[in-house]
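Following: one structure in structure tokens, then a few remarks.
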Amino acid sequence: MTLKLVYFAWVRERVGKVEEEILPPASVATVAELIGWLAGRGEEYAYAFENPKVIRAAIDRNHVRPDSAIAGAKEIAFFPPMTGG
Amino acid sequence: MTLKLVYFAWVRERVGKVEEEILPPASVATVAELIGWLAGRGEEYAYAFENPKVIRAAIDRNHVRPDSAIAGAKEIAFFPPMTGG
Amino acid sequence: MTVRLQREDFDAAAEAAKLTHGRTDIGAVVTFTGICRGSESGDPIKALTLEHYPGMAEAEIARHVDDAKARWPLLGVTVIHRYGRMQPGENIVLVVTASSHREAAFAAAEFLMDYLKTRAPFWKQVEAAGEKSWVAAKDTDDAAADRWSKSRDAAE
Amino acid sequence: MTVRLQREDFDAAAEAAKLTHGRTDIGAVVTFTGICRGSESGDPIKALTLEHYPGMAEAEIARHVDDAKARWPLLGVTVIHRYGRMQPGENIVLVVTASSHREAAFAAAEFLMDYLKTRAPFWKQVEAAGEKSWVAAKDTDDAAADRWSKSRDAAE
């Protein structure tokens, strides 16, 4: 099943895309595993996800942790720690 | 030496005066003693100062405690606990 | 620093604008507006009359603004307290604090409001159902004001 | 409750007036205005660009306003967060809280600002000396936001 990924701030700049549709292998079950899989997709992804600790994620617009399951997700967002206000 | 007394809120209403000049006896040395002396000056004073615990005082526009000396004071104010804001 | 006691209403937005006008070092502005409510302890009220100690009130507030400026890195403070008769819905008091960051602006505004509620020489009288009565001081306000002296002691 | 994300500037006074208009149950209004400063960590900046996650930002803020309303007896809350490019001196964010008493209004405004600084999906990019860089999250902001979950745990 395809999954929509969206990127913000420097994650977006490093990946070089605002969003994309992907089809991860069935073995990728969690957010952390998805990050690991994405990092192997090329130089720009390796750069964007070089330090998974500073990557925040949201599944269908809710903050999630690295060990959250991605099953059933329609949209997953990756971004740096928030700096609003 | 005469001393100016000023009253606020219900202390003013009970005493029935906004301010007055008094000449307390030399034996009256502290704010608490002045309150005690005032309470003996008549019904309205007895009523105003019936509960010294809820009376606040200021000497020359600075908050003071009951045991503060009144020597050198020009203006002493008596009032209930403040309810501004 | 602006400290004013007045009968007239104030314009909170205009006062805040005066603090920030032409500056780019201010990152946070907090305004607190205290308003006359239509009921006091559940009973409807017709009006509030604020009495104050002229001369002392202004000096005391200014001293506390200085105290706030010594505690927090403030870039501007305005305190306006009205006196006289006010009806429900009318403004009573305004505190505006400006700083580079929000922590100082929030803390100073709360500190000044806690002070104004408990130590500034003002007294509120309520008119309700034809009767006038003086508002009693609240223990919760005293406790709120006390927390600042505690934190100061702890810091010393 | 009003939650708005917009490019345009906002009018803090008009937003506060909307909350209080025609009511006499509100005794305290706190407004917090966050402003773009002319320097960041000591270096002069030319402009700030705020990126956000459309759809998520509005829903997340609304959820936190609901949370604030569950914690404190609020009579009105307005949150407006701008996005896009802003120059020093321009408004970034507005939080207005209204309550019968000051404690709730102050606490809720601080809670919402701590949240907006750390958990709302916004990212600040700074333009300085021709270079653009993303603002790093501050540990102090995280600590400020964390205190609310601690106090909640303690209350449970």
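Read from first to last, the chains carry the letters A, B, C and D; within each, the first residue is number 1.
Convention: contacts are C-beta pairs under 8 Å (C-beta built on N, C-alpha and C of every residue); 3 or more make two chains touch, one makes a residue touch a chain.
Note that the coordinates shown come from a computational prediction; the quantities given were computed from them, not determined experimentally.
Peer 1: Assuming subunit D simply isn't there, give the groups of remaining chains that still touch in a chain of contacts.
Peer 2: When subunit D drops out of the picture, the chain contacts leave these groups behind: A | B, C.
Peer 1: Roughly how far is subunit C from subunit D, going centre to centre by Cα mean, in whole Å?
Peer 2: Chain centroid spacing, subunit C to subunit D, equals 23 Å.
Peer 1: Please compute the C-alpha centroid of subunit B, do the same for subunit D, then give the distance between them in whole Å.
Peer 2: Inter-chain centre distance comes to 48 Å.
Peer 1: So what's the Cα centroid distance for subunit A and subunit D, whole Å?
Peer 2: 26
Peer 1: For subunit B, give me the residues that contact two or more of the other chains.
Peer 2: Within subunit B, residues 85 contact more than one other chain.
Peer 1: Find every residue in subunit C that makes contact with two or more other chains and list them.
Peer 2: As it turns out, subunit C has residues touching two or more other chains at 34, 102, 113, 117.
Peer 1: State which pairs of chains touch, listing all of them.
Peer 2: Pairs of chains that touch one another: A-D, B-C, C-D.
Peer 1: Which bits of subunit C are touching subunit D when the two form their complex?
Peer 2: Interface residues on subunit C, with respect to subunit D: 11-13, 16, 20, 23-39, 88-89, 100, 102-103, 105-106, 109-110, 113, 117, 144.
Peer 1: Provide the residue numbers of subunit D that touch subunit A in the complex, in ascending order.
Peer 2: Per the touch definition, subunit D meets subunit A at residues 34, 50-53, 55-56, 59-60, 81, 92-93, 113, 116-125, 134-137, 141.
Peer 1: Touching subunit C in the complex: which residues of subunit B?
Peer 2: 6, 8-10, 58, 61-63, 77, 79-85
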